[in-house]
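All chains are identified by letter, namely A, B, C, D, E and F, in their written order; residue positions are counted from 1 within each chain.
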Amino acid sequence: MELTHFDKTGAAIMVDVTEKPETLREAVARGEIHVTAETMSQILQGTAKKGDVLGVARIAGIMGVKKTSDLIPLCHPLPIGKVNIDFTADEDHLRVICTCTVKTAGQTGVEMEALTGVSTALLTIYDMCKAIDKHMEITGIHLERKSGGKSGLFVYREENHA
Amino acid sequence: MELTHFDKTGAAIMVDVTEKPETLREAVARGEIHVTAETMSQILQGTAKKGDVLGVARIAGIMGVKKTSDLIPLCHPLPIGKVNIDFTADEDHLRVICTCTVKTAGQTGVEMEALTGVSTALLTIYDMCKAIDKHMEITGIHLERKSGGKSGLFVYREENHA
Amino acid sequence: MELTHFDKTGAAIMVDVTEKPETLREAVARGEIHVTAETMSQILQGTAKKGDVLGVARIAGIMGVKKTSDLIPLCHPLPIGKVNIDFTADEDHLRVICTCTVKTAGQTGVEMEALTGVSTALLTIYDMCKAIDKHMEITGIHLERKSGGKSGLFVYREENHA
Amino acid sequence: MELTHFDKTGAAIMVDVTEKPETLREAVARGEIHVTAETMSQILQGTAKKGDVLGVARIAGIMGVKKTSDLIPLCHPLPIGKVNIDFTADEDHLRVICTCTVKTAGQTGVEMEALTGVSTALLTIYDMCKAIDKHMEITGIHLERKSGGKSGLFVYREENHA
Amino acid sequence: MELTHFDKTGAAIMVDVTEKPETLREAVARGEIHVTAETMSQILQGTAKKGDVLGVARIAGIMGVKKTSDLIPLCHPLPIGKVNIDFTADEDHLRVICTCTVKTAGQTGVEMEALTGVSTALLTIYDMCKAIDKHMEITGIHLERKSGGKSGLFVYREENHA
Amino acid sequence: MELTHFDKTGAAIMVDVTEKPETLREAVARGEIHVTAETMSQILQGTAKKGDVLGVARIAGIMGVKKTSDLIPLCHPLPIGKVNIDFTADEDHLRVICTCTVKTAGQTGVEMEALTGVSTALLTIYDMCKAIDKHMEITGIHLERKSGGKSGLFVYREENHA
């Protein structure tokens, strides 16, 4: 096994994908932000009426997906065919869970796009709530699922990590 | 306590900082990525000689800091006076810890810049290692320390969160 | 009277502002989009509950303000101290009116920033409604008010134009 | 009829176009800027010799087309196959008319690209002339024509709007 | 022979490539930076161990390739399938030679991408060494080779220029 | 003498400038592009009437200056107070000489901005003429002059390099 982002001399490269077929690919990433009870309450109020933290974070996440190849040095610029970002406010554990799904018909996968979407959305929640809560923590960002391309289906297994 | 990024009608706004004095501000953010033993070994080899994953991630993180206000919708564009990004490869816990320090002489704090630097650096490590490890997890991103400005010194307390 | 964005040979330049003092400046721009009754009804529904066209357009407008110097060739990059974007849905005239207010403590005015904020917000409304209405028209974009700097207060007079 | 940029829960999404065929698509947008007689005279002089306002605005418009998906949150990034921007200086009505034509071989239309090109070009004219005329107005921005894709030919009808 | 980036009236255009077939294309550009003996020594030390000037410049060059259509007004945005950047430190002539190879499966060539990659990499070397050497010179940037597309193979001939 | 863009461990950093005073700074960079007689003739025709290669390149160069800190990894984002770009078409030597002057009131110098302006302008000339001339060469890019800041006046001496 070796890192594909380096050539034989150890120099960083953007991997050649020009001869790979365009196939339908999808990636789902997930992550969460832990907040105080007060912050959770403010977020939930906004979702119901005005001051919509999650609405702003969703837009930031979608726009973040489109900036992936500008942020991650060796990432290929890709057509983006679909993005959606979902939030679950889990009051019991004082956390907001974010999932980002990205689809493309392209020559390489969109896992970095999905992960960047999750990261940007969670950072935006942080930004909007930081005036009342500086102990928030963004955590558990991982690739949940990935399909399409030569490597086929991947599903994250919790136990693989612990 | 209320979210400052909304006006009285609940509309998102970029907060007025024009009358705040320019003061010296610093923020330190921290986060980590959990990897397999094989990935850790590849990262450590690269740091010692060629195929330098952390070197690439450091550049991505520094450039990410400069893109913060482009990524986070209500964030002010700020002069950036200093950025550094440190990595600690913790072999015992199979994780790479990243800290990002940002300084500015500005009208508002740089905590979002430091957090964006950490996120971008960790996403870049993910990108470079994903060919050999799809179970990586980015975790524990938080503001470690912040100084300067009206609110003064902030230091993260672990227990505040758990 | 002459165009300041050209030198004596007629070559485009970015004007020298390095010796101008930093003063508090504010600009308000305004514009509107004309829509069908059906589109207006969809927009109003979203504002009240879900599917919030104006919420998305507001974020786009604020982010557009920050991209002004990247879009307008001879525009100076400026610190942006405050942005807010307001919408009035005028059902009688089937139009949504947008105003964008930008403040800075800088060496030159922010009228282009305010105008770019309005344009971007209105284009975003267009994008979100174009599936049901291709006859929308964006119209009446102008500088409503401007204060600060050597030239002092400016207020738009309707009659001056007609 | 419903807005396609929201899912069933009302959350903003980037629509899935991955299964749409790539077809040749073209869009033409149009808009205008109203100026004083003095400004019109300056613009016309520049076009003839030096101090070429419209030349600068044309470049800004073409570059603006390429930034569309970065400005409009739910817009797909698209390959851009052709852009041209035309200006007509209408001295009788003291206005400059701008049309922007964009072509692509893609999975979705380029009307937002054409509209963004027009807006950016007109804002640039504004910027270059604002030292001598603060009563300019950008107006009448609409989609003139669109062809290609499943929905086929669209032509703007003036009466549909008034 | 005429310049294709202008229409018949002399207005700048982005050329229509929508009907050109997608073919595999490759371009190699080359350039160099001349430095003092002291700077050369610092660069060589860094490549061997820490303070890796060329490693940073390589990342900057790869990221610069992806920004080409944002920098060059009439350049088409293209998928980028592969990028690599090589440096040769030529101690005898006190210069670092940079070559950048870009591949795409696209409708137009990638020579501007390769040239932009070389320029950005060399400017980055300049930036990193300018504290100790202000007499550096970036020179000899040209297209070395180009293949694919209707015009076929091009190879730079030294004598053609002198 | 040592490279300031690395810390003691050899890690790349953005240098701390937060405690440096804001002073008036100016930098002038210069470079040239060598072309065939046919290309030179086309460029000269355009400057006189329509098809203005140098007019487009000037706009690209000015916009390139504003992107410097986005392109060069360790470069500070700076306010830009003035930019102008001059071209001299030297028919005898079949070259176009470009100089770019940048001024700022800032905490660090603008030499990278001036050099990036020259590079972008020359690459744009290349792009616009490449259909008729693939043997162009961009050459002699260097810092001509720099003033302001602690290090004071710098003037390039030809002999220092040869």
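Miscellaneous remarks
Here is the rule we use: a residue touches a chain if its C-beta (ideal position, glycine included) is under 8 Å from a C-beta of that chain, and two chains touch if they have at least 3 such contacts.
Remember, predicted model here, so these are calculated numbers, not experimental data.
Path length between chain B and chain F in the touching-chain graph (shortest route): 1.
Interface repeat of A-D: among B-F, D-F or B-E, over half of the contact pairs recur, by residue number, only in B-F.
Two copies of one chain, chain D and chain E, touch each other, and the residues they use overlap weakly: the shared fraction of interface numbers falls below half. Separating the CA-averaged centres of chain E and chain F is a span of 16 Å.
Inter-chain spacing, taken between the CA centroids of chain B and chain C, is 32 Å. Separating the CA-averaged centres of chain B and chain D is a span of 37 Å. Of all residues in chain D, those touching 2 or more other chains are 11-12, 52, 55-56, 59-60, 63, 67, 70, 73-74, 79, listed in ascending order. According to the touch criterion at the top of this document, the contacting chain pairs are A-B, A-C, A-D, A-E, B-C, B-E, B-F, C-D, C-F, D-E, D-F, E-F. By the touch criterion stated above, chain E contacts chain B in their complex at residues 52, 55-56, 59-60, 63.
Against chain B, the residues of chain C that register as touching in their complex are 24, 55, 58-59, 62-63, 65-67, 79-86, 103-105.
Taken together, the chain E residues at the contact with chain D in this complex read 7, 11-19, 69-70, 73-74, 76-79, 107. Residues 1-6, 9-12, 31, 34, 38, 42, 46, 49-53, 56, 59-60, 63-64, 67, 70-75, 111-112, 115-116, 119-120, 123-124, 126-132, 134-143, 146, 154, 156-157, 160-161 of chain C are the ones touching chain D in the complex.
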